[in-house]
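Please find the structures below.
Next come two complexes, and both contain chain A; in the first it sits with chain B, in the second with chain C.
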Partner chain A sequence: MRSRATVPAWVVRLYGRWRKKRTAWFATGICVAVAVLICAPLLMIPGGSLMDGAEMRQILSPILGDGRGFAAWHLIPVYPTIGHFYRLLIESPAFYQLFWNTVGMTAAILLGQLVVGLPSAWAFAAFRFRGRDFLFGLYVVLMLLPFQVMLLPQYIVLQKLHLYNHPAAVILPAVFSTFPVFIMYRGFTQIDAEILEAARLDGAGELQIFFRIGLPLGRMGIQAAMVLSFLEYWNLVEQPMAFLEEQATWPLSLYLPQITISQAGFAFAVAVMVLIPALFVFALGQDALEEGIAYIGVKG
Partner chain B sequence: MFLLPGFSGVMVFYLLPFLEVVRRSFLKSGNSAFVGIENYRTVWGNGAFVLAVRNTFLYMAVGVPLLMGISLILSLLLRNLLLRRRLVSAMLLPMAVPAAVMVLTLQILIDRQGVINGVLTKVSEQMAALPAFAAIDYLNTEWALVVVVCSFLWKNTGYMVILWLAGLAALPKEVEEAAQVDGANRWQNWHYIIRPGLSGSFFTVGMLSVLQIFKSYREVWMVAGSYPQEHIYFLQHLLQNWYLKLEFDRMAALTVIMSLVLLIVCLLLQKRLE
Partner chain C sequence: MDSKKKIWRGFALFMAAMLVMTYVSRMVYVSRMPRVKWSNPTSASIRNKITAEGTVEAVNAQAVIGLDGLLVEKVCVAAGDRMEAGTVLYEVNMEDMLAQLAELSAQEEAWQKQELAKRREAATNTTRAQEDYDTNVTELDRRIAEETKKLEELMEDLDTHMFRIPEEDASDEIWIAWADERLRFDREIAEKGRLIEDIQLEKDKILRQADRNIEDARRAQSAAESGLELGASGVSQVRERQERIALLTELSENEGKVSAESAGDVLEVMMQSGMRMGADAVLRYADDKGSRTFRTVITQEQKPLVHTGDVVQLTFPGSAEEVSETIDSIVQESGGYTVTIRLEPGVAQGRTEGVMELNSTSEIYDFVVPAKALHNDGGNAVYVLEEKEGILGTELSVRSMTVRLLDKNEDYAAVADELLSGDIKVVTECDRELENGMAVKLWD
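Showing the complex of A and B:
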C-alpha cells in the first residue's frame, strides 16, 4: 500500500485500464485463433474445386499412390479451371437427379414437420391434459436417441408398409421426428400465458388462438426448428444408406463419398454445390439457429 | 385434438416398432421360437461387442470432458467480448458443413502421406533441437481415436459454447458486480459465483455431449468405413454390420441394451429439460 502512494493517481488509473484491456485482447486473441482453426479446413474447398486435374494429381501424388513424400495443398490453384464445374453442371445429368433428390427429400421432410409438428408442439404448450407429462417425456427421449438404435425398428415397419427402397422410407420417419416438436414447443412457451387466457375469455376459438396468436408469437421457435432440420436432413447419410438400395434415389450427401480421391477436383466441385445451400441457410437463419440451440439447454 | 396426427405417426414409426423389437429380442430369427435371454447371452459373449463397448466408453471418457472443458473456457472468454456474435457464428459453422464435405478435406490432411504429416516433418527438419519426426499413419493406428475425438470437438464446440453462454446469461449480473465491488478476484468470482450458478448447465451440457458422441458415428463411418481400425470400432458399427448381415435377433438384443443405457442418460437429462 505504501509503495502505491508514491505513484501518481493517473498512472494507477491508466495501468488499471490497460490491464482490463489486456485481458480483453488476450481473450479475443484466443477465441479468434480457435475460430480460425475451426474454419480453416473449409478454405481448402474453393481452391480445390477450381484446381486443374494435373496440378491436383501432382500435389496429391504421395496420397494417390507412389507412397513417398507428402501431399501439399495450394489454397489458390496455380492453374485455375472451371472444368470440374463444367463437367458437373453440363455433362453430368445424374448430378441434377441427385441434387433434386436431396432438395425434394429435404423439402418434403420440412413441410411434413410443419404440418404434423406444429399442432403437436402447440398441444404440449397450450393445453394441460392427462398424460401430458408422460407423453412429453417420451418425445424428449425419442429425440435424443441416435439413429442406429431405431435402425431395426424402422426397418421392420418400413418392410411391413412396403416402403423399403422408396424415398418415403427416409421421409416419413423424419416427418414424425420429435426434435422439431420440442424446439417449436420451446418457442411457444415463450408466449405469455395471460395472452392466451385473455383470448379465451374474449371467446376466441382454439383454432383461432393457434393461428392468430400461437403462430405469429412462436415464430422464433418455428424458424429455429426449420433451420436445425434443414441442416440435419441436407446432410442425411445413414438413413438413405440403410433404406434406399437404388443409387438413383440417393441424396447428394451419400453420393459424394463415392467419388474417389483420384478425382478430388471433381469431388470438391460437388462439395461446393452441397455446401452452398447449407451455408446460405446457415447465414440467413443464424439468429434462429442460436436461439434454437439455447432452447435445448435452458429450462423453459 | 392438435396432438393426434403427430402422435399417431410417432406410434407407427417409433413406438410400436420398438416394442416389436423388444419382443423379437427374445425370439430366434427365422423360426421365431422363444429362446429367452439367449440372444442377450450371444451379444454379451461376442468379442466384437466387448471391443465396441470398451471403445465407446474410452471415446466418451476422452471426448466428453475435453468438449465440456474447451467449450466452457471459450464461453467464459467470449462472455464479455465485443466480437462475441461473430466468433460464436464462426465456431458454429461446422454445423452447416455436411459430413461428406468435411471428410473430403480430412482425407487429404490426415493421410499417412498427407498435409499434416508433411508440415510436421518440415518443422522437425527445420528445428534441430526437436527429435526426428516419423510420419504417423493416423487412421491405421491408435491415432485413429485422436482423429475421431478431434472431429467430434470440431463439430460440437460451437454448439456447446452456445449452451454455456445461455447458462451464463441466466446468472444474475448484480451478484458478480457486488462481489467485484467487495474486491473478489477472478478466481473467487469463478469459484463462488459462476461455478455454482452453472451447475444446471454442467449437467445439461454433459448429457448432451454424451448423446452427441453417439451421433458422431456418421463422420466416423465416412472417414473409416464399416470395418475401421480396431480402436474406433464402436457399437454403431456393430449394429450397422449386423443389419447388413441380417442378424436381426442379436441386433434386437443389442438395440434393447443400448436403448436401456441411453434411456437412463435421457431420463437424467429430461428432468432438466422440462
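Showing the complex of A and C:
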C-alpha cells in the first residue's frame, strides 16, 4: 500500500487563503499584467538611454529593416554607456534652446491661464448672472472641441493678428483654454456658498472674498489645473508644429521627431531629460492632480 | 511638507543645472565651430605669375672619346659638374699606359730601322744604275769616237787614193788595182759607217735601258723614302702608331691625367674606375660655346596662360643671371605640357637648373575671389557665407557653390556662375576644414 503523502502546513494555509481571496488575487494579477504592459515603454527609456549604439542597432535590426524576426529589448544594457547623455548635455546646445523655449512657453501659458482663467472660474462659481449657464455651456463645448477642429480658425486669426510663427501663436490660444477654467471652477464650487454669503454679510468686498476665501479654499483646484496644464503644454506637439516655422521657437517636444531611428539611444536620453521636469511637477502636484482628475470625473 | 520642499529644491537644482549646462554646451559648440573670414567678389584683372622650375640642357652635347685600350684609374668629374679648360676629367693607369707606350715605341723603332735599311739599299741601287749608265755612255762614246776616227782615216785614205788616180794610159792592171782599192775604201767606209750607226743604236738601246734602271732605282728609293711601299693601310697603321705614341707620350708627361679642352658642364659620365676604355665616348658635356635649351613642365591649369612666343624671365639658382627669352614650343605630354625655350649661346653656362617666370595681366573679370577660397567639390567651388535659421536661431553657415574657374593665379581666381553677385560673401579663410551646411563663426 502506498502511504498517503503529507502536505506541508504552509501549503495548506496558502491554498486556504487562495480559495478565500482567489477572485481578488485574480483581479490583482490581471491589473499587474496590464500595468506592466502599459509601463513597458517607460521601462525601456532608461535602459535605452544607456545602451550602446551597436547593441541598439542589433536588437532593433528587425525594426530598422536590417534583420529578420522580432526586435528584442534589454532592460539592462549589455554595453552600458553614458555617451548619449554626454552628447545630449554637452554637445547639443539645440536641446537646451528648445528646453528653455518649452520652459518659457509653459510658464507663460500657466501664468496666462491664472490671469485669465482664474477670474472666469471664480465668476462662474461665485456669481449668478444672466446667461451664465449658456456661457458655461459654451466653455464646455469649447473644451470638448479637438485641436484639429480649431486649427484652421486659429490659423486665420493668428495670421490676421500677425502672430503666426511667433511663440504667442501657441501661448495665446492656450492661455484662453477653457479646460483649466473648468477644473478651477470645480475647485471653487467645493467652497460652501454660506461661507461666501457670511463674508459678504460681514462687509467683505468681492475682491477680498476672492483673495481671502476663494483662492485659499480653491487652491487644490487651481493646483490641479496648473499641473494638468503643465503636463499638457510641456508635451505640446500639434500647436507648435502647426503655428511655428522657426526652429528657434520650437518647444522641446518637437526635438524628438528631429532625431532619426538610427539615433534611438540619443532619443531615449532626450526622453529621460524631457521626463524629469514632468516628474518633478507630478511629484509636487500629485495630490492636487488626483483631486483635479476627480473634478473631471464629476464634471457631468 | 518637508518632502515637498525637497522636491522643490531638487526641481530648482535641476533647473539651475540645466542653465549651467546650457552655457557649457554653447561654449563647447562654439569652440568646435570653424572660424572663417570672408570677402565679396570684386571686379578685377588677374595678374598671372607662373613660376616653374626646369632643367637646362645642351642642344649639341660634346663627347670626350675614350683612349682606346687604356685603363681608367680614377674618374675626377661627375654629371652636373662644372669643368673649365684644363680640368682633369680622369686619370689613366700609368703602369698600363707605359707598358703600351714601350711596346709601341719598340715597334716603331724596329720599323724605323727597317725603313732606313730599305732606303739605303734603294740609294745604292740608284747610284749603281747611274754608274752603269755613265760607264756605258763613256764606253760607247769611246767606241763611236774610235770608229769615227777610223772612218775619217779611211776617208782621208780614200781622198789620198783618189789623188793617186792612174794615168790615163796606165795599164789596165793599174786601173784595176786602183779601182779595186777604191772599192775597198768604199766598202770599208760603208762598213765603218754602218758600224758607227750600229754602235749608236746600241748606245741608244743601252742608255735607254740604263735610264730605265736609274729610273727604277730612283723610284724604289723614292718609295722607300716616302713609305709608299707600305700601302695605304700600312701608312695608316704607321701613322696611327706614331700618333698613339705621341698621345701616350704626352699623356705620360701629364702623369696620365686627361684634361678638358674647353669649358662646359658635365652631362654624363659613362666610365668608371678599372674600366678599359674603348673608342666610344666616355663623357658627355655641354660646351660653353654651344647653345642650351631650358625645359619645364607646366600644369593643365597653367597651360591657358602660357603661349608660344611669350617672353619669360629665366633665373638660375645660385646665380644672379636673369635673362629674357621667348618660348619656342609647348608640347602636351603625359602629366602636363613641356615648355621648351632655346637659350642664346653663352646663356646659362654652368647651369643645370633654372626657374621660369611669366607675368601677364588678364582682362577684367566680374568676380575675382582669393584663390584660397576655392575648394574641390566635384569641380571648382567656393563656400558662401549665409545666415541660416536653425534651432539655435540665426547662425552663420557655409554653402558650397560650384563655380566656373575662368582664370587663376597664386593669390586670386576669377570665377563665374549665374548665382554669383558682388554682395555674396565668399569664405576666404578658415581654421579647419569646412563642409557644406556647416555652422561657422566669424574670425575675431
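Methods note: the second predicted complex is superposed on the first by the 274 of 300 C-alpha atoms of A that agree within 3 Å, B and C clash if a C-alpha of one lies under 4 Å from a C-alpha of the other, contacts with A are read in each partner's own complex, and residues count from 1 in each chain.
FYI, contacts are C-beta pairs under 8 Å (C-beta built on N, C-alpha and C of every residue); 3 or more make two chains touch, one makes a residue touch a chain.
Since we're looking at a predicted model, the values are computed, not measured.
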Should chain B and chain C be called a clash or a fit once both complexes are overlaid on chain A? fit
Check whether A:L114 is in contact with chain B, with chain C, with both or with neither, and answer first, second, both or neither. neither
Touching A:E246, do we find chain B (first), chain C (second), both, or neither? second
Between chain B (first) and chain C (second), which does A:I63 come into contact with in this model arrangement: first, second, both, or neither? first
For A:I191, select first, second, both or neither according to whether it touches chain B, chain C, the two together, or no partner. neither
Quick one: is A:E91 in contact with chain B, with chain C, with both, or with neither? Answer first, second, both or neither. second
Mind working out whether A:L215 is in touch with chain B, chain C, both or neither, as first, second, both or neither? neither
Partner chain(s) touched by A:F99 [first = chain B, second = chain C, both, neither]: second
Is A:W122 touching the first partner chain B, the second partner chain C, both, or neither of them? first
Who contacts more of chain A, chain B or chain C? B
Minimum Cα separation between chain B and chain C after superposition, in Å, equals 17
Which chain A residues are contacted by chain C in one complex and by chain B in the other? 281
In their complex, what parts of chain A are in touch with chain C? 89-100, 103, 246-248, 250, 255, 276-277, 280-281, 283-284
In their complex, what parts of chain A are in touch with chain B? 24, 27-28, 30-32, 34-36, 38-39, 41-42, 44-45, 48, 60, 62-63, 67-73, 115-117, 119-120, 122-124, 126-127, 133, 135-142, 144-157, 172-173, 175-176, 178, 181, 210, 231, 234-235, 237-238, 242, 252-254, 256-257, 261, 264, 267-268, 271, 274-275, 278-279, 281-282, 286, 289-290, 293-294, 296-300
Chain B to chain A touching residues, read off their complex: 1-3, 5-7, 9-10, 12-18, 20-21, 74, 77-78, 80-83, 87-109, 111, 113-115, 117-118, 121, 135, 154, 157-159, 162-163, 165-167, 170, 200-201, 204-205, 208, 211, 214-215, 217-218, 221-222, 235-236, 239-240, 243, 248, 251-252, 255, 258-259, 262-263, 265-267, 269-270, 272-274
Seen from chain C, its contact residues with chain A in the complex are 4, 7-8, 10-11, 14-15, 18, 21-22, 24-26, 28-29, 389-394
